[in-house]
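These notes open a run of structures that come right after.
You will see subunit A twice below: alongside subunit B first, and alongside subunit C after that.
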Partner chain A sequence: MGYGSAPDEPETGAGSDAPERYRPVSERAAAVRPSASTGEHAAPLVEALLRLADDRLVLGHRLSEWCGHAPILEEDIALANIALDLIGQASLLLEHAGQVEGRGRSADALAYFRDAVEFRNLLLAELPNGDFAVTIVRQFLWSAFAVPHLKQLSASADATLAGIAAKGHKEATYHLRHAADWVLKLGDGTVESHARAQRALDELWPYVHEMFRTDDVEAPLVAAGVTIDPSTLQLAWRESVASVCRAATLKVPGDGWKAQGGREGRHTEHLGHLLGEMQILARSHPGAEW
Partner chain B sequence: MADDASNGAPAGGQWPLWEVFTQEQTGQPHEHAGSVHAVDAEQALQNARDVFGRRGKVVSVWVVPTEQITASTPGDAGPFFDPGSDKAYRHPQFYKAPRGVRIY
Partner chain C sequence: MTPTNAAAPPPPETAEQLAAFEARIAAGEYIEPKDWMPERYRKQLIRMMSQHAHSEIVGMLPEGNWITRAPSLRRKMTLIAKVQDEGGHGHYIYCATETLGVSRDQMVADLLSGKAKYSSIFNYPTLTWADIGVIGWFVDGAAIVNQTVLAKASYGPYARSMIRICKEENFHKRQGYEICAVLASGTEAQRAMVQDAVNRWWWPSLMMFGPGDASSPNSEELLRWKVKRFSNDELRQRFVNLTVPQAQAIDVALPDPELRYDAASGDWHFGQVDWNEFWQVVKGDGPCNRERLAARNKAHDEGAWVRAAAEAYAARRAGAAASAAA
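Presenting the complex of A and B:
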């Protein structure tokens, strides 16, 4: 194509001439505020499904950033596999969320046309990858939560959620085994790898508490046996994490400052950058298929 | 600290090599699928799963340290294998199979 000729496709954006179903549901996306400041939220089941989905979508995207950069080829493939598992789970959960919501939003619409304040993921998931130790320790801390969480959710009164959770539980069990093995190797490895693993653990620890937070939004769902109260998982989680850390000669940090806000759409500065990269293609070419 | 140590790459060359054997169905033989690098058996098993088992159709996987395999050399090919090719009587083809016996 010669310089200065007309583009072969019109430039489009989500708010311009995009098909209706791809546009943000909010009248003005820029005016969407975190539910933390408005006190408003979607129907409880939609909120709960978005929380589950967004953890996986955002963490899966973070892991995918390692593609082509992992320490060895085999680990590169392993991280990409885990990323794909998580994005697959997210896709099923978002599709279900869209159906429950009943406003015609597909999984893609929810993934690509919500802004940061509409995301419900844990802050832990959106933190930058850091070095390999940070990525592995985060994956370990989160998987140690996801495995029992999905196991209990596989008995959910919501049959679709139960099915997604049962499938995810198998995947998460492997993710945990993989991450725990690496935690052992890094923690009980060289002086350098031990220092990096300990530093990762210390840096990430303030972000683990959000996994176990309970709020009023999910209370009716917990009562109905649809979702579970994550705080009930905390004790067993602490024990399993402590036992791996002990074997890895790592010291479990003490509880200090507890970061929170992701569940209400109040995120770190990192999420916007992540979404910018994740959403640019879909927003530039709404409705494109690939 | 700028290069190898910072990205976690194995220092001083490659990690040990392991041969991977996968089974696609219970009862079928484990067949050689390829090789992976790993520092120990558990990691070899995980890497084998991730590299060769990720597209399904695998029900079991073996990993064996490559250095534990004793292989014939190309030079052995003549003395080892040629003598068998002109001795038809080494093949069990002069028997009549009874009815009902499946012939492979």
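Presenting the complex of A and C:
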């Protein structure tokens, strides 16, 4: 069957192949709502905590993929260390989210038994590792955001979140230093490493804007001093990123396409595969203890 | 650093030097990097220590295989930490081996070319999550039996690295055993999973102590020089004696119909290790030898541009610092 020809069937809205009970859609349209997993948000604080947690869980998972396969032994160790910190932060944030939610979901239940559309991480976090340059540049771009973000969150009106953020801030400061060091080495290293670092920067740039998006979900939390409006971090972030790039002889890309959707559960195709691997064992044995 | 394979023959070793060296060892002294040592002692240590370091590094692969699928956040974190520890062990032992006059680059090249050996246990695949538990329990457990003794080895840098590393191996062993204990008291599928893993890892773990004393040519000299302190068979027996009660405690069976307690010796008698399998794996024909070596080579080759960048950058910094100082 061709896809280019004009419809040869009456407009039913669902096509005449659809079962009778779905035809026509127009009469039932009022009953169509966004499902819980796409577009409908949980309580604002749960949502905000999931955003923070999922960035860290997914990015930590990506970093852990390097373990045993890094360019030098020192980086096997360093990337594993960062992965460990991020998954540790994610675990605390998920536990808090589960408690605030009040439906009895543990950190593990939230990590292992949500589908991709229920994840709230940035698209940047879920992109494949690529080469070492992509991994490092991503870590740099994100850590340059995470450090000031966590610093401000450590003054959150939510004491648990403030505590997690304060601990995370110390770790993120190290992660940023590690990544920035490597951006310098790659950018100002060899012709090849410079080209790879610049390509990584260019490829990842469309995904940075999502970090600074503000939406209505967190507005009441921002007003109450529980979370912060990430858009307020953007200027300083741009300056700090630009200064490292300058030192690394890398060119900051111009703003073009701005990828987004992770905060609403509309992800790239990569996340489903990542979760397929991450969750397979837990889901194969529902109810089992490990 | 003196290259180990330099063209010039090593200076002749006098009987007095050798006698003084052996007297120091007999008196329980540590030999330090700058001390005189027989060339054969140096060579033996380089061989043992670099093999040990390589084993830590290659060992990251079978366990790393389950990091992305670990079934809970806690297990994921402890597994990442464990594999990271093994990398740290490798790093630490490479540094200790460098004190004997061989570079890490040379050792790594020997690993990648297949010239250097590493523990054959890592040429077996990790097929289920239970393998992660059993490796911690058996493989780290066997490593502890070996390393507790190596911590009293006569070469100071090796002995000291073993003391530090052994603490972490103990932690790994406890975690591995705990994984097994949880599985063994879990669902039917989990119990089957852990029993299957035990069945697959038991015999290869016994092989970790090396061939039987009758067919282990190096041992006598190594024992006298306190590079080793106990024979392969003694250590193997010690491991079996430690492990059988642990298996009983969590109610998993060990795959050896001959296993029985011998009250007279206080030992658990066990059946014959399949040394054909052992030699086959040592010679490169184990289930994963090719994959392990390929994975190490791939990481090394794909990382070449990264290492080149770091060197170029460091050289440029050094140049800039030198011209600033001038």
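Quick notes
To be clear about the criterion, the second predicted complex is superposed on the first by the 247 of 290 C-alpha atoms of A that agree within 3 Å, B and C clash if a C-alpha of one lies under 4 Å from a C-alpha of the other, contacts with A are read in each partner's own complex, and residues count from 1 in each chain.
Methods note: a contact is a pair of C-beta atoms (placed from the backbone, for glycine too) under 8 Å apart; a residue touches a chain by one contact, two chains touch by 3 or more.
Treat the numbers as computed from the prediction; the structure is a model and nothing was measured.
More residues of subunit A lie in contact with C than with the other chain of the pair subunit B and subunit C. Applying the stated contact rule after C-alpha superposition, one finds that A:Arg177 touches subunit B and leaves subunit C untouched. By the document's definition of touching, neither partner reaches A:Thr249: not subunit B, not subunit C. With both structures placed on the common chain, the touch criterion links A:Ser231 to neither subunit B nor subunit C.
In the superposed model, A:Thr214 makes contact with neither subunit B nor subunit C. By the touch criterion defined above, A:Ile77 reaches both subunit B and subunit C. Counting contacts by the rule stated earlier, residues 69, 71-75, 77, 81, 131-132, 185, 192-193 of subunit A appear in both its interface with subunit B and its interface with subunit C.
Subunit C makes touch with subunit A in their complex at residues 57, 60-61, 64, 67-77, 80-81, 83-84, 87-88, 90-91, 94, 129, 179, 182-183, 186-187, 189-190, 295, 298-299, 302-310, 312-313, 316. Across the complex, subunit B meets subunit A through its residues 1, 5-10, 15, 36-39, 42-43, 46-47, 49-51, 54. Across the interface of their complex, subunit C is touched by residues 61, 64-65, 67-77, 80-81, 83-84, 87-88, 90-91, 94, 107-108, 111-112, 131-132, 184-186, 188-190, 192-193, 196, 277-278, 280-282, 285, 287-290 of subunit A. Touching subunit B in their complex are the following residues of subunit A: 69, 71-75, 77-78, 81, 131-133, 174, 177-178, 181, 185, 192-193.
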